[in-house]
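Order as written gives the chain letters A, B, C and D; numbering starts at 1 within each chain.
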């Protein structure tokens, strides 16, 4: 909780939820993304359908699920499908408009590492691995990233590329023929980023209230590209905070 | 109905049902095979599970189905599955012990034609085509054939090979690595045939009562191989006839 | 979710089925939407490529009526009865005109839909070995496994209909469809299509579908129009709603054999009628003996997790 | 059909799970059969290759107990909580011994099971492009479509476990199993396996399954043993029967971090107990607050067709 009366997570949740404005079908992860999607459904994206990789379509969670396969996601959902069908007929077929990804490391082109810190054969830290991230990054039309920012996580050079982002060569990216267009937004605890049309490079669009450009630089492994019209991220509205605190995360599991 | 008090079809049904002795999982076709399988289930193969390519496993038809997708096959069955799963997980995976096939033409090695009479591009008669026959012939462990015998159907040279039988070269057949071992029995209105271990050639094993070897020759496009110990097909038992007439085909749809 | 997609059959077909389209009216014996086929005939669509595992009587009627230039299939017949004579006349005698055909085995057709639904460029199957089928269909290609075993398989290309029409026992206004009984390849054909029309026996509230999400076969996001049309499958059937009209299939043999009789049938039962409602009225009490007894599924508890 | 396959967990594991086997205990968050994993630990199986999309806490326990030499997976963690520390110790520090790993993405693992279940030598997917995953797993190979488009895909090899253990809400004595709620890849993993153990909350009469054949996920013909073991999934869950014990997953973080605590936990909750019945008795009233409210599916009519 900062002096403005909302937490870093609440700022991230609010800012991320707005990136879903008008979206139709969203692949939901657990933790923050789950709150973000449920918030967007109640605010900027009333038609948003929540899809969980566990095989649930049109979920209506009655409580905040701890896991991506919580039973509350199933009861009252529109459809439950095998994971083969979810990945083949929904994701690979290009039916997913937006999906959230995060990771231990991200580079300036939105490539993500969720596999290892250090050497693959003898890692310093063994991370979870891909899960569905690799195919999500390729097929979901928009990839939305939520990550806290730090030198060790926003890096010049990934230790392992689990999920592809932009290549740095827009020509190449267009020629890929993937249904996904790669990362379109990154929301951190310091600001929000888009990706440059020309270079595919992460570009700082807004700073959260009371955050300075120096703080951003201190928490990044490269010199950030900054939008010429850098703005301030609109803070969470009272209504957003009410929804988060009273309906979506009453125990403050993820919002503290 | 012949002088012995049973029809040609009843003789074929009875003889075929005995080829299912001890079998466990059988792919059922409509018409005669359907009666044959249901008869075997009540006589020589009490554990026989009826599988229909329409996607039904463990069917318990309450009436004689006209079509392979009759609703009576579904109500009370053990499992209904998509056709993809039926063909992939059951048939291609090698779970089917026995299956019935027939056709407009069969050759001495049990290759079957259900596609065209005449030239493919401008056929004299356009037949139904493969349906599931091609993959059934390759994957079902035993292929059982029921066909009426005639010069035009038991031919030296198929007009089109829809479903593979034996190649004529047992070496080659063993090297195929298919889960199916090809045709193992042919039951006609004149007799029953097996296939020679060495040559894979159709071999006359028994003549039905009152049928002569000449009749068989007159109704075949090649000089039939005859088993040294050629016998007579045991006629349908009174119980088999009762089951066929009273329970399995009361309207005599297929048994006349 | 969003605006309702509920439409009358006439409007759904007029809006979504176009001359030259590849159209799949799927359903394996079960849930074959004859009403949609009749509407396509009535609206005199032309040059369609019709895809179906088992063309069945509905495609004999449509092809006899001249809506198609090509047929993609795996088994061509009147199940349990005999031939589709209108189709045979066009293949055997180009009467009244030729019909292009592209044929597979059942598994090949199913996998074409699976590939289409999955956005896969090809799908491997263990079939067609030592069969003449690949020799008459160059789309069926051999391929070797890249692994040690080097097993040879055949591959089939994806099938992506412009329009797939499936029938379901029930659906919501958004197109979430639930089916029980034979599933055929309805789901795969729907996901594979550019446009989807779901026809249902009953239009139900979202709450009915959400009560039993495991029974949902097709989700509304792939559906463009939802048509509520009871008995739309006659003479095919809808499990639990009405039986297959086997008598009709048996009678069709005669009608189909004679071009004049077929033409007369089409006039009497399709062209001269406004809609499927008229067709049902004309059928009269035929459905009375097609009504099955009751045999309920029982229910399961999903649990309330709040 | 045939002789009953009903067995006690101890006998099913003793008879069907052998040292050196590749074992898959599947279930995506839902229906993870912890009781089977505990019995494998209790019987001190060794040198197993464990396969699972999401190893979860059950494999952290099994690997911590030393039953495995290799792990095949796609996501390695304690869902929503953190790490599987016993697994990490073996991968990061070979403590107490190395653990061989073979990793895929979720879709890759699912398709390995589909290929295994379908007797396919390989399965194509559109994934792994520009990812480092194939560089550390040579089983993932690039392949080109043989059609005009020439699209590049990656292929994965079939996965055929020696034993797959799946949990279902209900099953018959022959092993016909019905599942609702998340399906994961239970069906594919079962069809892919050489031997299958179905554990269920309730052993039911064949008539219950035959009432609703569309709900059957696994047919008895692929099943070798059926174990009736209520609450066998704790701390995982069974839709409609009991909730996930999230508290346990949260507490595991601490246990798993400390080898001594892990060893003590295994002694207290596995080695020193005879069976899952003892485990449940020891858990005491923990299930009371895990019981969900009722939320029924409603039922459909299959129809009587005689």
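Rule of thumb we're sticking to: a residue touches a chain if its C-beta (ideal position, glycine included) is under 8 Å from a C-beta of that chain, and two chains touch if they have at least 3 such contacts.
The shown structure was predicted, so the numbers you read here are calculated from the model rather than taken from an experiment.
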item	value
Where chain B and chain C overlap in contact partners, by chain label	D
Winner on C-beta contact pairs when B-D is weighed against A-D	A-D
Separation of chain A from chain B, taking each centre as the mean of its C-alpha atoms, in whole Å	58
Approximate Å spacing (C-alpha centroids) for the pair chain A, chain C	40
Centre-of-Cα separation between chain D and chain A, whole angstrom	29
Chain A, residues touching no fewer than two other chains	56, 70-71, 74-76, 80, 88, 92
Shared-contact residues (touching 2 or more other chains) in chain D	114, 119-120, 125-126, 151, 180-181, 183, 187-188, 214, 239, 243, 292, 295, 302-306
Arrangement of touching chains [line / ring / star / complete / other]	other
Listing of all chain pairs that touch each other, if any do	A-C, A-D, B-C, B-D, C-D
Complex interface listing, chain D residues touching chain A	28-30, 53-54, 73-77, 79-81, 87-88, 91-92, 103-107, 110-111, 114, 125-133, 136, 151, 180-185, 187-188, 237, 239, 243-244, 246, 249, 292, 295
Residues of chain B touching chain D in the complex	24-25, 47, 49, 56-58, 60, 62-63, 70-72, 74-80, 85, 88-89, 92-95, 179
Contact set on chain A toward chain D in their complex	30-31, 53-56, 65-71, 74-76, 80-84, 87-88, 91-92, 115, 120, 122-135, 138-139, 160-164, 167, 176-178
Complex contacts: residues of chain D adjacent to chain B	1-2, 114, 117-120, 176, 187-188, 191, 206, 209-210, 213-214, 216, 219-222, 302-306
Complex interface listing, chain D residues touching chain C	119-126, 141, 143, 145-147, 149, 151, 153, 155, 157, 169, 178, 180-181, 183, 208, 211-212, 214-215, 239-241, 243, 292-306
